[in-house]
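Take this structure first; my questions come after.
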Amino acid sequence: MVENRVVGKSVKKIDAKEKVLGTALYAADIKKKEMLYGKILTSNITHGILKSINTEKAKAVKGVHAVLTGEDVPGLNSTGMIIRDEPVIVKKGDKIRKIGDTLAIIAAETEEIAENALKMIEVEIEELTPVFCPYEAMKEGAPQVHEKGNILSVRKIIKGDVEDTFSKCAAVVEGTFKTGIQEHAYIEPEAGIAEVVGDVINVWCCTQNPHMDRKEIAANLNVGLQKVRVIQTTTGGGFGGKLDESVQIHLALLAKATNKPVKMVYSREESIIYTGKRHPITMKYKTGCDAQGMLLAMECEIVADTGAYASYGPGVATRCAVHATGPYYVPNVKITAFCIYTNNPRSGAFRGFGVPQVALAHESQLDMLAEKIGITPYEIRIKNALRPNMKTATDQLLEQSVGITKTLEAAKTRAEQLLKIRL
Amino acid sequence: MKKKGVGIANMWYGIGNTGLPNPASAYVELLDDGTAIVLTGCADIGQGSDTILAQIAAEELGIDMDDVALISADTGVTPDAGKTSASRQTYISGNAVRFAAREAKGVVIDEAARLLSVDPEKITLRNKILTAEGTEKSISLLDCLNECRKQGKLTLGHGSFNPEVIALNSETGEGKPYACYGFATQVAEVEVDTETGDITVLRMVCAHDVGKAVNPSNVEGQIEGGVSNGLGYCLTEEIVVENGVIKNTDLATYLIPTSLDVPEIESIIVEDPEMTGPFMAKGVGEPALIPTPAAIANAIYDAVGVRVTELPVKKETLLFKMLKKEVS
Amino acid sequence: MDFVYHNPRNLEQLFNIVNGTGNCTLFAGGTDLLVKMKKKLIEPENIVDLKGIDDLKGIVPEGEFLNIKPLVTHDEIENSEIIKKKAYVIAEAAAQVGSPQIRNMGTVGGNIGNASPAADIVPALLVLDAKVEMQSIQGQEEKELLSVFKGPGQLSIKKGQVISNIKARVLAEQEGAAFMKSGQRKALAISVINGAVWLKVNGNKIEDVRIALGAVAPTPIRLFDVEKWLIGREANEDVFKKAGEMAKEVVKPIDDIRSSAEYRKTVSAAIVYNGLKTALQRIGGLSQ
Amino acid sequence: MNTINISFKLNGKDMKMEIKPQLLLLDMLREELGLTGTKNGCGEGDCGACTVLFDGKPICSCLALAVNADGHEITTVEGLGSEEKLDPLQQAFIDEGAVQCGFCTPGMLLSAKALLNKNNDPSDAEIKRAISGNLCRCTGYTKIVKAIKKAAKMKEV
């Protein structure tokens, strides 16, 4: 085999120089002539119906160029990466489902004018009973966050017969694991700027997916995809948090309405309140093995709270289910993963998509079993690790590049050297 | 009193969307002077995909990194490469760029084959020289491009890649959710203060199977950053929500790790070649974080005998559990 | 933000502004004030910037005391040779405040003026028997540092008065001190609980002791009962352990986003015990 | 609205500005002077992205009033090095792969610069402490610490 010249080499990052010089342009660094500043009025209640919204006073403020409500969205007025279930701006008569739902957007000559004008918008909301616990939300008679019910998705993986196998196991462990809500906390808060040039809407923004942004903007502005151009600016971290729409559609609407460039930069507080989080998940696990520590069966129920909107929730729950066994051969599996709507903050994509959550559970269970059987955590892992030509819980045959035994051995060797212990 | 413990955790992670199509595409133009422009929709969010994709293009075209200009993530110019998520861009966009480069290269290879009167299969392009295998015959890339232009041939390539998956059966989950998986093992050493519940992660040893590290320094950067992110998730990071309201909306109350919180991180790159990946590479972005909380949790158990069942592991919860167990 | 900015160059100008203008907010390091203003927790009408007043700067020894002027930053305290030698416990506390940036900006006067129950520098000052000098157009007044705190964010200070000096007693032979902090991470952390200890021994006996804790009450506190119990006893681990247990019983903390009251109570024992132990070690009384 | 005249040194050059006293140092740099290398990550002194050197010491420009620059010296990332002549720290950050998203990088470089100005042979612990007010979400700090250590040993590039 010929040796690679470039691949496999630690070449310098091609964007590093402009970043160390401070010349890389992030969205907040861009300035345009006659630029306006965008701000959002958001809901401070978790569940309700927007009965009325009056923007007349805000519109009359000097320096305000546009105040838009749900009525002013020419297209679908909905967004969502898997399911379109989130309004871009909640329309009069429609539902508010969480703190931070957009009720109106504003473009003004300064951020201060925009902020002051926001306070002059009069809103009337009929409050509805909210639901915050996903288990409560699953029950019959619970407040319905969306019309189609609170159970957004159910993913099942069934292989073999767990019930029968558990009775034959030498050791069985059970446990419930819960994970909290994590914030992406990229150091760059969301920002963007939009400008209409000719009949094309240009949007410069930090994003993890400009093509998806284009689709969402076009659908909500009711224009062809060719009339929207999204240009990713240097992006200060994403970790999944910049996959959902943040400033993009709002900016495009405001630029179109004012025919001026409009910029929006979230404060840290806005970034934390408005954007998606890591799903809090409850996992009930039961795992059994034989006297040698070979895994025989695993059963688990996973409940992910996606909050008020789906975002990547169904994808996250599916990934939980698929990865629930960990990188081990388990002949009998019964996994159910639910993704549930509540009136909590929206959870979405976050580095790992549900897998860090299940990893806590399956890795704890393995240690618990090892202790019961009387073998080391390393032994139970190396015994059960997937190898080529083994099948996963979804019955996928792994043919090649199954490196788990290698990583186990490498980590063990190095850890033993560095920590001067035996694993 | 301070007690030390060691924990181990494994992970696997399917690269790309779960049982769904998720293609990426790219364009490559090999220019008159032997430099190239790569157009890709792939968004670099700091993780380094621009660099990785430029490396892949340079390697495939047999030119240097400096010869590649990469334009990414501009819908007016670049083709769709899908999301920068699911640790998919090295694997999927990497293949797309490689195939695009291969197609552009094909034009010069065909031309070289014609000029050297050999089979195109015999031609290799390295170091800007097209060589006919098993012969002394060669032509410089520059001369060959010149010939191409004389023939009115431009050197353009398009590439796309969609990993081979099978949708999951809705009742049994049977299917092929991913074309390939990343694997990893992490070992955590922690120290627990039995009087305060303070948890200090002293060291992490992290072995990651990435198929092939296109840029080893970048892979280490992903591992180190992932561990830090996972450490925060495990110990200090928690959005507190009461009745749907987030209580901590600033970085003074939502606590990510500082330089003093992150331990020594030992990265070990394991390369179990992924035959369907570009130069046998697969992804690492998310795998880096996944086993970290679990490894720390198992290390805490090893140190003080308290099983972690909730994240984050609040030091006060741990302290009271230790007191209950009379750990000393 | 909308305020009138005043920039006095000396104390006289300062008092004229403070007396002749409506509501004045003193601006020292700005690290807390500007955060509060940005969060709109306060909206000051008049900002009086103290940074132009040289009389409010510097560290000056005076007999048994060190005069620490209010505009001295945490960084200056941390790196002051005289403080490191004669009142190291304050340097130790200053070193644990926020981050390098915050330590370069934040001042000791501001830290006291904020009256945060969790201020790191305060317990260290309290165990060095600190006094605060307040100056106004009417003259000067000296108060015990402990007496100036009324509640979270509330200072017992008369209108027109400005903190003009902080006096801390220097450490003598056979006197040891220590600062202890429990935060949620290892930098940029507000104390979940903090504390300082000062100890004077005569042979094996505790001749005198001062213990102060932060974030366990609406203001920083001294543990007078525990101190009284300790005086005259032998300086050893068992006694210190008992003192810690007593501390746990006397503090009355609250639940907040950083921690539960129960946790603060429990950890106050460790803070007091470890503080006493470290202080004694520093005068060679216990093996490391 | 009243304005105040200030004069100060910015990246080695004498500057005179007429500003509103309410103006934050960060906003003066970014909005009035177009020096957008200094970033706003939180606005409350919690992240360090807005770090500049004030008389050689790192401060959060988001919590400083621009008037306080009067009579002092401010250094931003733009004053650290140039396209033609990078500061050794900038070169080391590139070489060691210490840059990912880059948003924390300018502030990180300045905190490191302040450290190296007073200590040309810092230990890992001293480096970690010096950058403990600069949050980085991407790198886990490991390569940043290495880069600073390397820069300490480098001559001017």
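We just call them A, B, C and D in the order they show up, numbering each chain from 1.
As a convention for this text, contacts are C-beta pairs under 8 Å (C-beta built on N, C-alpha and C of every residue); 3 or more make two chains touch, one makes a residue touch a chain.
All values reported here derive from a predicted model rather than from experimental measurement.
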{"item": "Maximum inter-chain contact count - chain pair", "value": "A-B"}
{"item": "CA centroid of chain B to CA centroid of chain D, Å", "value": "30"}
{"item": "Chain A and chain C, separation of their C-alpha mean positions in angstrom", "value": "43"}
{"item": "Approximate Å spacing (C-alpha centroids) for the pair chain A, chain B", "value": "18"}
{"item": "Intercentroid distance (Cα basis), chain C paired with chain B, Å", "value": "48"}
{"item": "Set of chain C residues in contact with two or more other chains", "value": "99, 186-188"}
{"item": "Of all residues in chain D, the ones touching two or more other chains", "value": "41-44, 46-47, 97, 100-103, 129, 132-138"}
{"item": "Two or more partner chains touched - positions in chain A", "value": "10, 12-13, 15, 185, 235-237, 239, 268"}
{"item": "Pairs of chains satisfying the touch condition", "value": "A-B, A-D, B-C, B-D, C-D"}
{"item": "Residues of chain B touching chain C in the complex", "value": "195-198, 236, 240, 247-248, 252-253, 255, 257-261, 315-316, 319-320, 323"}
{"item": "Touching residues (chain side chain A, partner chain D) in the complex", "value": "10, 12-13, 15-17, 19-26, 28-29, 31, 184-189, 234-237, 239, 265, 267-268"}
{"item": "Residues of chain D touching chain C in the complex", "value": "2, 4, 21-22, 24, 43-46, 48, 51, 54, 57-60, 62-65, 67-68, 111, 114, 129-130, 132-135"}
{"item": "Complex contact set, residues of chain C against chain D", "value": "1-5, 7, 27, 30-31, 34-35, 38-39, 47, 49, 51, 75, 98-102, 104-105, 186-188"}
{"item": "Interface residues, chain C side, partner chain B - complex", "value": "99, 182, 184-190, 257-260, 262-263, 266-267, 269-270, 273-274"}
